[in-house]
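Each of the next two complexes has chain A plus one other chain: chain B in the first, chain C in the second.
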Partner chain A sequence: MTYAAEISRANPSCFVFLVDQSASMSDPIGGGAQQRKADVVADAINRLLAELSVKCAKEEGVRDYFHIAVIGYGHTVGSAFTGPLAGRDLVPLSQVAEKPARVEKRVKKVPDGAGGLVETTTRFPVWVDPVANGATPMCRALSRAESLVSDWVARHPDCFPPIVLNLTDGESTDGDPASAAWAVQTHVSADGAALLFNLHVSAAKAVPVMFPDTDVALPDTYSRTLFGMSSLLPPHMRFYAMQQGVTATDLTRGFVYNADITSLVQFLDIGTRATDLR
Partner chain B sequence: MTTSPSFTWTSDEEPARSFPSGATYVEALQNTALCFRGTDLAGAEVRVDALGRPRAISGNFAGVFSLTVADGTRYAVKCFTREVREQATRYRAVGEHLARLDDDWTVGFDYIGRGILVEGTWYPVLRMEWVEAVNLVRWIERNTDDPAALSHTATRFARLVAELAAAGVGHGDLQHGNLLVCSDGSIKLVDYDGMYVPALAGLPAAETGHRNYQSPDRTAADFGPDVDRFSSWVVYLSLVALATDPSLWRQLRDEDAEHLLLAESDFADPTGSFRLATLTGHPDARLRGLAERFQDILLHHRAAPPPLEPLEPFDVVQPVKAPVPVIAALPAWMAERVQAQAHMPAPPPLVRFNRRTPALTVLTWVLLVLLLPFGVPAAVFVDEAMAIVDVSAVLAWTASTALGYRRQPEHSRARAARAERKRLVRARLAAAAHLTRLNLEARRIAQEAERSKAEQQRSRRTLQQRHNQRLGTHQRAVDEQLQRIDRDRQASAARMHLEEQRILVVRQKAHLRARLALFPVKTAGIEGMGPVLTANLEAVGIRTAADFVGVRYAMHGANRVAFFVLVDGSSVRAAGIGEVKAARIDQWREHLTTKAAGSGPTSLTPAERQILKDRFAAEKAGLDAQYEQVRNEAERTTRELREVLRAEQAALADELKAANTAIARTRVDHDRAVAEAAVVLERARQAAAEGVAQADAFRPVTYLGYLRFTATGRS
Partner chain C sequence: MFTSSLRTPKQGNSLRECEDVAHVLPASAPETWLAEPVFAAVADGASESLLAGDWADLLTRSVIDATRDDECVLRDVDRFATALVDAGEAWRGWLADYVATREADGRPIAWYEQPKLDRGPHATVLAARFDTDSTSATRWDVAALGDSCLFHTRDDRLLRAFPLESAEAFDNSPGLVNAFNRDHALLARHVRTLSGSAEQGDQFFLCTDALAAWFLGAAARGDQPWHVLSEFTRSGDPDGFEVWLKKAREEGLMRNDDVTVVHVDLG
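Now for the complex of A and B:
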């Protein structure tokens, strides 16, 4: 059986996030929101890191069930962490939890439960800042992910397979990414092959295509390439996706096209669902 | 020592919906005045982490937060991250049932349906009393060197299991995280999400428990008072094993592993389980017996295990309330172990002979006193017969002492101990050799993995190179074709240009003829050309300057004769026109020609040119179409080649994946084998050292020692 390994401190797994930082990421995201794509993606990653930290928090603190890398690609390809973790690739989750670049105090209006709105301040840890500058060297980013994943499974041959999540808004500018994408997925632990999920952020007001199981409805070669680059969702993720109201079959792939904010958050939520944590 | 548990109930039925995530609760809990508005927890102080954010203790489907209200009472507040069907009903039933019990494992709670306000919506919370205790794994980590404490906890646990059974309660998820040990040694059971109480009969289980504590056969349908049987065996066997042999904690589990001494893989494959084999092969008979019983359950009763069978009736044990001497409170199976372990480093006392045969002693002394001083010299110097008697006596004595030695009970024990020592030392050597072999094997596996990695990179490169080659060949062929078409196009253009020139020349000639035709010879006024000569010219067809193109001369006898070259190339002679006159006529024509040429056309008219273009258009269009076709076909082929490359890459990726899977499995199996072999070696060393010590205790038990004992009574 694959994708069933227990994730524990003794046998951790890893996530590699690839974040497109090309110039076009400064365009506003589709779906009518007035936010830049780069801001939305950075915000979603920061939220996810906070979420993972909470999910792995136990009596004694955050447990290293996962190690996490955030690789940006645009003007350069490298760690997207800022602050104390700047320049580092795979970081144990407990250190991620301890060392954000800063904790922002964000003021927002929330319902007060009595029909009104009330202003409240929350502390929001930030690890990754938005960047939009340069081309889209996706092949290099995928190769970087491949070497991290390859090292990881060499050190943890029995782990729950590493998951690579690629968030992009454009076509690769350094060649056909399919080969680099498949190369990522040739690295395996005894529990299965590394997973690569792709999300395409849209600037258009197109309807997002969520977790498709065929490429016939996809509009062009580029989107079909991204579809072909994406791993099948393992059973437990399919199950979770269905619980979230997402249609999923045996052929469903970890791929979202023309994502808006909601589908981006859902993609990260489903795509980082490893086996149950205790 | 519970603080008067209270099980209250406030709720409304919740419809199915998605629940906030852990981080969303963390966000909401940063303002407890708001999120608990109107409840007892409003404004409570939440325990925070280093970043100043509420600190969660997360489970699979909930997060627990520590909240202290104004009067100083501390609560554990559980916030759910997924909806559980009939959660309210379940908690109500559990609360009501537990309220009737007087067991000290319970922890009081209130299920509050309108518990916490998150982003405008109310969600339920479970407010529990805060228990100062540590989970079982952490407690064991702190107490691995305290077999007495471990055995206590084993006994307490067995009692807890009995209490649950007596109360008809099934916890549903007995595991180290839900078993908390308080500082007084009592055990608290927390997390009642999956608890069965009789009122819930017929419902499915809300969860199926921790994978390292549950039978692989357990399903959601297993929900009743027996639901904890399997996990209670797992916990109890581990605790008994640790109390018996603390080194097992280090030997049978990784640091930070999420299980006690046994885990999911042991339950799934009991015959292949190293951990189980270590327990069933343990030198301690009682532990071995318990482990064998559990192995039997795994093999034959995994789906429906029997109730826990504790080693001693636990009601025999008095609960430790006052500082009673620890050993007195231990169950019998443990007490001697603890005592034994207390002086473990001291070697066992020497074993000595204690059954002396008087007759043999007398005989020995007689022989010693008589034979040695007198018998030997007598035999040597006096008589052969004497020598024979002496030797016989010595032989008889030797035989009887040897027999006596063998009959000593210490002798057979010593033999057994020495044989055991030999066996154990051999086992140690074998274990060491096995580990060495495995370590050598590790090098081979690493080399194999390296080789495979290099091979894979080569395959990928080769594939790309082959593609590049194919693409290059294709592109060259296409370039050649396109160049050929280009050449054809150029040739066509050149032909059109030539044709244009040709037509222009024709036009110019026509113009010239038309102009020259306007000048008759007779009005030209050429010197010497009268009407007769003009008529002679006309007679050969030359009326105007247009009617001839030149003059040539030929010798006719001795005379040079002039011939007029006509438009059709033929030459004629005109009567009476000699060399001189012909030259004049030709000059006149030349002069006119030069004048006419100046006014002639220099290019075709647009209409003429259009006609010409139209004539060549089809040819050009054909070539352009050919060019486009070649280019389109080239693009299609390039796409096809790319598709071929992708298909090859996909196939190669599958191949590499399969190869890497095999490598990963080999490595996992090998790593496990090494870890197990290291444990086997460590245990073999322990056993061998013990065997050596045991055998050493029989040091005095030798034949010589026996002779001395026979003679002197000392050994």
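Now for the complex of A and C:
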């Protein structure tokens, strides 16, 4: 059975995040929101890293079930961490959790228990700042991810396969990214092939799409290319996607268009889930 | 009756990190015969929770205390649900002390801990009472929420498995008691109870999920897993048990998880 390896400190897995930091990321996201694509992507990365840290947190600290790289691509291709982790690629999750660049306070609205909403302040750690500068060397970024993944599975041959998550507006400027994307997924551990997922943030005013099983509803060539590059969701991830209301089939791919991808963290198994009774 | 228990962390974790808990009253050595009623409970803290082992510990102690005060607690889902809510009340005090201690130690709650502390820890729980009368007949009562199990065996037969009856019934989202759950009716809906009688010579095993799933799988294949467990519990041999568990995990017979068993031997 594939994609069933235990994720533990003795047998960790890795996440490689690829962050599009090209000039086009300064355009606003579609759908009426007033945010720039670069802001949306930086927020998504920071939320994903926070969710992963919380998921793996225990009393003594965050357990190193994952090692994390955040690679930016735009003016250059390299580590997108800011703060104490600047310049580093694969970092144990415990160090990620302990060393954000800063922890901001953000206001969010939560249910007040009486059908309304009330404002509350939460701590929001930041590791990656929005950047929009230069071209979109997506092929080089995918090659960098492939190199990290290749090295990881060589050192951890029994691991849950590495996951590469590419966050982009889709407009590669150094060639068709399909073959570089395929190359990432040729690296395998005993538990299966590396997974490549994509979050497409677009200025187009199209309907957000989460984990589709076809590209027919996607609005342009870029989104269809990214959909085609994305791995099929393994069965257990499809199961968790369905629990969150996604209609997942055998053909569902790890692709999200202009929507929140933080739920991906909930697709990972690190032990008994802390699920409330219903 | 004789009682004994074993508790082992998942492979790769230390005993301090084990989030399974067993609690037996009266506490006694495995070779000590107990004529009075015995109370036993096991709980399995959810890996994704923070302080799950501490919650499991408080939960087992609370439900045993409640059962000692009122023996009907294990026969009535509403009373057992009340015991679970009361344990949650006790957790609030425990947590306040914990947070204060962390502050005093210069190690305040980190940003990544806060969301889990706010949600509260989750655990399964199973509690049982065994009472033998002057004719050597034993009445037993058990209540559970989640996938920790009780097995009743006689000679070469598995008489009863509770609350799950097959290895296929286990998954990684069992019913769990959350320390902040005050919804009495909801808890009661998920509680299962069972009572029965037993004879001298009968055996009971209270197991957390990985061991329980192995037990049921082995029994379904026609094996007698209770004899394997008895070897380790009667001799109080944690090292031998660990070696056996390692082999069972390597052979794919058991999931790598914390393991706890309480053995109640009616002699």
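The rule is short, and it goes like this: the second predicted complex is superposed on the first by the 234 of 278 C-alpha atoms of A that agree within 3 Å, B and C clash if a C-alpha of one lies under 4 Å from a C-alpha of the other, contacts with A are read in each partner's own complex, and residues count from 1 in each chain.
Keep this in mind: a residue touches a chain if its C-beta (ideal position, glycine included) is under 8 Å from a C-beta of that chain, and two chains touch if they have at least 3 such contacts.
Computed from a predicted model, the values in this text were never measured in an experiment.
In the superposed pair of complexes, A:T121 makes contact with chain B only, with no contact to chain C. Chain A has more of its residues touched by B than by the other of chain B and chain C. Of the two partner chains placed by the overlay, only chain B lies in contact with A:H187; chain C stays clear of it.
Within the superposed three-chain model, A:I270 lies in touch with chain C and out of touch with chain B [touch as defined at top].
Judged by the touch definition given at the top, the superposed model places A:E6 against both chain B and chain C. Within the superposed three-chain model, A:A203 lies out of touch with both chain B and chain C [touch as defined at top]. Touched by chain B in one complex and by chain C in the other are residues 6, 8-10, 50, 53-55, 57-59, 61, 97, 103, 123, 125, 269, 276-278 of chain A.
If you check the complex, the residues on chain A that touch chain B are 6, 8-11, 47, 50-51, 53-61, 97-98, 100, 103, 110-114, 118, 120-123, 125, 153-154, 157-158, 176, 178-179, 182-183, 185-190, 193, 228, 244, 269, 276-278. Chain B contributes residues 18, 21-23, 25-27, 30-31, 34, 37-38, 49-53, 55-60, 63, 117, 119-120, 122, 134-135, 138, 175, 177, 210-212, 254-258, 264, 449, 456, 460, 464, 642, 645-646, 649-650, 653, 656-657, 660-661, 664-665, 667-668, 671 to its touches with chain A in the complex.
By the touch rule above, chain A contacts chain C in their complex via residues 6, 8-10, 50, 53-55, 57-59, 61-62, 97, 103, 123, 125, 269-278.
Partner chain A is touched in their complex by these residues of chain C: 11-12, 17, 44, 46-52, 110-116, 119, 121-122, 172-176, 178, 181, 183, 186-187, 189-190, 209, 256-257.
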